[in-house]
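Chain lettering (A, B, C, D and E) follows the sequence in which the chains are written, and residue indices restart at 1 in each chain.
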Amino acid sequence: MARATIPFGPQHPVLPEPIHLSLVVEDEKVVEALPTIGYVHRGLEMLAAKRDYNQMIQVVERVCGICSMIHSLCYCQGLEEMMGVEVPRRARMLRVVWSELHRLHSHLLWLGLFADSFGFESLFMQLWKIREKVMDLNEATTGNRVIVSVNVVGGVRADLDEAQIRWIKDTLVEVEASIRSLQSTIMNDSTVCKRTVGVGVLTKQAAYDLGAAGPMLRGSGVAQDMRQLKYAGFDEIAFEPIVETSGDCWARSTVRFRESLQSIDLVRQALDRLDGSELAAKVKGKPEGEVITRVEQPRGECLYYLKGNGDKFLQRVRIRTPTFANIPPLAAILPGLDFADVPVVVLSIDPCISCTER
Amino acid sequence: MFGSFLKKSQIKSPWLMHFDCGSCNGCDIETLACLTPVYDVERFGIINVGNPRHADVLVVTGTVNRRNAVILKNIYDQMPTPKLVIAIGACGCSGGVFREAPNVLGGVDKVIPVDVYVPGCPAKPEAIMDAVVTGLAKLGKILEVA
Amino acid sequence: MTEAYIGLLVLWPLVAGLACLVLRGPTARSALVLATGVALAAGGLALASQAPFTANPGFMASATAIHIAQAAAFLLPAFFLFKGLQEKHLLVIVFALAQLALAATGEFYLPAAAAAQNAVVVDGLSLALMLVVCFAGSLICFFALPYMKHHEEHLKLPVSRQPGFFLVMLAFLGLMNGLALSNDMRLFAMFYESTTLCSFLLIGHDRTAEAKQSAMRALWMNSLGGVLLHGGIILIQKQYGLADIQAIVTPTLWAGASLLPLALIAAAGCVKAAQMPFQGWLLGAMVAPTPVSALLHSSTMVKVGVFVALRLAPVLQGTTTGKVLCLVGAFTFFATSAMAMGQSNAKKILAYSTMANLGLIIACAGIGTPVAIAAGIVLLVIHAATKGLLFLCVGDMEQAIGSRDLEDLRGMISKTPTTALAATAGAMAMILPPLGMLVGKWAALEAAAASPVAMVFMALGSALGVVCWVRFAGTLMGGKSVGVQPAHTSVLSTGPILAMLAGAVGLGMAAPWLNALLLPAELANPFAGGWGLMPPMFVLAMVAWIIGMKALSRQGNATLAAPYIGGLPSNEAGSYVGPLGRNWILSEGNPYAPEIFGESQWTKIAGALGALLLLALLGGAII
Amino acid sequence: MKMLPTILSNLFSAPATRNYPFFVREPFAGARGELINDIDKCIFCGTCARKCPSQCLEVTKDKTEGTWSLSFFSCIGCGVCVDACPVNCLSQKTTHRPVATERAVITMRGKLPEKPAKKTEAAQ
Amino acid sequence: MNLNTFYLAVAGLILAPLLGGLVAGLDRVVTARLQSRMGPPLMQPFFDVGKLMSKVIPPASHWQGMFVRWALIASLASDALLAAGGDVLMCFFVQAASACFVAMGAFSGNSPYSKIGAQRELFQMLAYEPVFLVAILCMAKAAGGFDAFSMMSGSEPLLFKLPLIVPGLLFVVLVKLRKSPFDISASHHMHQEVVRGIYTDYAGRDFALLEIAHWADVTVVLWICSFLWATGPLQMLATALITLFVALVIDNISARLTWRTMLKTVAPISLILAAANLVWLYLE
């Protein structure tokens, strides 16, 4: 049987982002997969030497344009911890609102791309049509569709008025109904199941051993979610991680599907808890010391290590992103797959290369 | 008549190819959003193709770093002429917020000629549509002259 | 004069072969082989110009000839028995003994059959086979001259075995001619058995363990065929006292009678034509030098099988035996096409495709209408040219690169351009309209309107064949071009290839007229029915050819675009700069879907089904 | 199969497409679009340039005149400068910045305020 | 061959690709509407081809130009054949030849995606050709002749005698239109692991000609489908349009399958149904 090499990427239509996989296939079955990254590396962490700790908020937001808000949230939380700032309750709840809206649009986006990876174009279109409503919510409340720039050290820069809160709630009712109408397609459609059920199975033990994160981990049956750490406003909000056990592409998409509904619920809970407190606390002094903070991004656990030495420039900013954690499990499940399933499985980890390489 | 039909069709059928040349995904996703129902650039005859040999318009997002510059050049060279290049976002225009980062070259025009720049971070889908229209108008002028 | 030509066709090759044995020099051998080829071609054409005719040349019509045939009926099995004992091969022994017993029954216990009215009867069918032998066979013998020289250089033999080899090769042609021409069952049986002998000798020529094993397998299977044939002959002898083939194949003779004798003979044909489950011997024949495979596959041996079936066809029309035979052929067509799909060994692909096409001819024979028979003969002729061409090409490429695996033959277009292009053209000739094979297949499908199941098998086999050949041709055309490497060339290897190519294409284009020639007078309009489509299609094909060549000449000198490999830079043709900044080879390989087209499971399952169908063939005749 | 109701209802209802550029939706009130400077108000204090995360502003001044230049290709529209400006002369339109075919920098000149020293004193 | 046949053939030669282009335009508009989009103008495919015609690009292989032109001629020939009332079986074989040329051209290209696309195209041919062939045999049996005229001149719709070949024909249409779930060798849309698959290496003018050949193919396939209700030209048009619409709907409600699934399940099932129909015709 003859072996063929298929260079998959870095410019490849299935993946909007550049990563390269040298796939060796035999009879269109993968026998070897060698990943290469570095095509979107920018050297972002080193910008900390040139941008002060406040300016870095805008920089770390651009680690990734999909869950940008959650990056700045994590960064700001780290600084707040380092500098001992108490964030007002309204700001913490607003952070939940926007971070969950980000998760919602990220999951819809991902579900769409996932659908497209197995050639279900109309599902992609439908999901992205729904997503536009969420993008409108972002734009109307913060001024930008994608990179909302609401976080500052000590709180947030934007606020919601009553009319906006009502509008968000109304829109979310519509969005929820539209998402639910696609549930049977994503979870039960026969052709979809043909492509997802039993494809790219990652066992619970392997997920744990290889250090998977986020929906990839929860799809394999491990109930771990950084929101359990009760950062931002999660201390007051009822939250239970969503878990599936089959560990295949179906489980990962189902986790994300259910999480998008859960996010809507979390936004509602947070909106109900908005009180009249300040938007941002006053911040005094310069960051000093080191701190590690973690948040749950749509793709999983994200970790920031920050070190300040009393200067306005941070001495070190290190970011470990969820996709980075999910690449070893991916490399483990690729061999043995049908070549046609490679994009499905690669997308099932929700690869975000720009955060992996920063 | 046939000749003018061919000229017209070059403006009526821009197939675009998107390359993420070191972006943060913000602009990529906005570019992709252009294809979806609310924006639907297929109205202009635009198809997103994944293959430079079929593309007329190269849409580049991102900062351009030392590693992907050669890939960008490769893809550009593989496109048939006449071709348009659209640089998307602050990153594509100049390197944006990252232009002083160590691995960033800073802007698509450092590697290949750019026809239209779309500022913004991320560029809005409307702005991207504007860019295509502007680019095609530019192409139309070139064709008329030639 | 006619008789002299017949003598030339049958005896000259034998004599020339013997001369090869005596004059051992390569020059003399080449001269002899070339002379034989020319003589056969000339003789064949001379005879063809007179057809149809009957004749009684002394060496075939005399009592001595019959005596020789009777003696051969004992001597040949005796030789097989000897071989079987020598190799301790049980099946060979059993079948040789059975043959001896049958020969004895025919000779001593039954009244002798009446001699045939005419010893030689030449009609369209025999003419077709004879011309195939004279032209395709001769070309293959020419090709064998440089091939065997190279082959022996490669094996580093101390003493050349070529004299013996060419003796058998040439004699084979003569015997085949005899078989095509003879109208007496006893003579026919003698030629039939002697082809078994020749193929046994040729397959075992290399004397390796594998060659020996394959030769023995061919021997036992074909001896079984011999047993069936003799069984049929003896039943006819007992029932009618006939040995005149023309008399036997008149449908009125069999009205109301059991067709068992004919079923037996048809089954013998199936064995020779390597129909399921007897595909094994023809596959094994692949170990022999390529000219042998080419000879066995295109112009001799297997053609005996379909020749027999087509001979009997008029009687089979509309009978159960005919229907089952049609199924046997159609099923083999389908099953072997599927097995070809799962193969990367180029010679095995050719082998399976041979069986498939023979299956199609057998199916035509089973249908038995004049239209179907004509289609079968057209297929027989064109298959000979096309398959001969493909074998020669693969043999030539194999000698150039030392492998016969399709994966290694990838991109041969840049190494041995002429041969690879000829092979591509051959592959196309197998599948494309308006070339002959496809046209024959189409005629067969339309003629098969009587049997829905056979039609479904044919539809499947047809698709499988198309896919298999496109992949074959595509693989030769594709791949990385690593620059033209000089390969050995000889006029005697490219010459026959080009001649075969001309034959395959020319005959393919002439198919409607060929078909018309073979039909009875009232149907013999070359453009009746769908055949009328052919002339416009030729015109179109010509136009396409010209336009395509223009495009080729325009693009042929263009600098090629760098390959699109996801934007990665390439260092040199066929590689790219991949992980770790290293240079990675862009290797290529076809998927063969072994879980669907795996050889072993098909051999088992399809073999069993084929065996069942063959039993049904015999059983159907008894009932 | 499960998608059938959705696509059929799509077929029989109006498309979701906004026919841009023939139809332009009213931008959201708070949208952060094109950055503009009411240069007459600007005091060329340079706060915006210091705070800008993208470092795309440059403010210089000589004795009587100041220049404020924005390399708008690098502006990320974050609005930090708008927030920081002490005299609120910076603002962001709700519409996006038009596309350009050339690289350019926006440079604005203005008179320095009458008594800069006084102003600083007053602030103190 | 009389003059009438000749005119018909020429009409088929010219009209069929145009019809195919319209079908492609209709396809894109209806697909867009099913996805809640406005979609391109109806004439968009013609602009696309015009655009491709005027592009300048080096070929990926010296042979592609030749194969493309052969494919185009074969496709047009199958159209003309059908229009002139020729043998439908031969029309099918001629069209298969066109597909073979396209695959050969892709094989001779230099990108790995093009070659995988060609391989997959072959597997697709393997899956749909027998089904299509058996369907045509069924039609021939039910109509009493292999030529297009006898299939078009029935007094009563063939559909009543041939209900079981409908799934098979739909399968063929989906494959030929390159629609989900069978857009395996080349997808119209960007996101496929093999890029544009078999079309990856074709570009510029060659690609434009290929597109025209594809239009001609689509016309032939839809035309053959319309034989199912061939009691008059309007009915045939309606049948073809309904077939097209059903194919588009299926495209929009299903994911792409793999060639293994196609070869192991879809193809055998539709073939068995069609074969059952054939046997049934004989038993009747």
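FYI, a contact is a pair of C-beta atoms (placed from the backbone, for glycine too) under 8 Å apart; a residue touches a chain by one contact, two chains touch by 3 or more.
This is a predicted model, so every value here is computed, not measured.
K.L.:
Strictly by the touch rule at the top, which chains does chain A share as contacts with chain D?
P.N.:
Touches both chain A and chain D: B, E.
K.L.:
Measuring between mean CA coordinates, which chain is farthest from chain C?
P.N.:
For chain C, the chain whose C-alpha mean is farthest off is D.
K.L.:
Between B-C and D-E, which chain pair is linked by the larger number of C-beta contacts?
P.N.:
Between B-C and D-E, the larger count of C-beta pairs in contact belongs to D-E.
K.L.:
Which chain is most central here if centres come from C-alpha coordinates alone?
P.N.:
Going by the distance between chain centres and the overall C-alpha centre, it is E.
K.L.:
If you average the CA atoms of chain B and of chain D, how far apart do the two points sit, in angstrom?
P.N.:
It comes to 23 Å between the two C-alpha centres.
K.L.:
Measuring centre to centre with CA averages, how many angstrom lie between chain A and chain C?
P.N.:
Computed value for the inter-centroid distance: 65 Å.
K.L.:
Using the average of all C-alpha atoms in each chain as its centre, how far is it in Å between chain A and chain E?
P.N.:
42
K.L.:
Which whole number of Å gives the spacing of the CA centres of chain A and chain B?
P.N.:
27
K.L.:
Can you list the chain E residues in contact with two or more other chains?
P.N.:
In chain E, the residues touching two or more other chains are 32, 34-39, 57, 60, 112-113, 115, 119, 189-192, 195, 200-201, 203, 252-254, 260.
K.L.:
Hunt down the residues of chain D that sit against at least two other chains at once, touch-wise.
P.N.:
1-3, 7, 10, 15-17, 19, 53-55, 76-78
K.L.:
Provide the list of chain A residues touching at least two other chains, using ranges where the numbers run on.
P.N.:
4-5, 7-8, 10-14, 28, 50, 58-59, 62, 120, 122-123, 125-126, 129, 132, 144, 147, 189
K.L.:
For each chain, which other chains does it touch, given as pairs?
P.N.:
A-B, A-C, A-D, A-E, B-C, B-D, B-E, C-E, D-E
K.L.:
Over in the complex, which chain C residues touch chain E? Could you list them?
P.N.:
Within the complex, chain C touches chain E at residues 341, 413, 428, 431-433, 438, 442, 445-446, 449, 452-453, 455-456, 459-460, 462-464, 466-467, 470-471, 473-475, 477-478, 480, 530, 532-533, 536-537, 540, 543-544, 547-549, 551-552, 554-556, 558-561, 563-565, 586, 588, 590-591, 593, 596.
K.L.:
Could you pull out which chain D residues touch chain E in their complex?
P.N.:
1-4, 7-8, 10-11, 13, 15-17, 19
K.L.:
What residues on chain A touch chain C, complex-wise?
P.N.:
Result: residues 1-5, 7-12, 20, 22, 24-28, 34-36 of chain A touch chain C.
K.L.:
Going by the contact rule at the top, pick out the chain B residues touching chain E in the complex.
P.N.:
Within the complex, chain B contacts chain E at residues 5-10, 12-13, 15, 36-37, 40, 42-45, 47-51, 53-54, 56, 79-82.
K.L.:
Any idea which chain B residues touch chain C in the complex?
P.N.:
19, 51-53, 70-72, 74-75, 77-78
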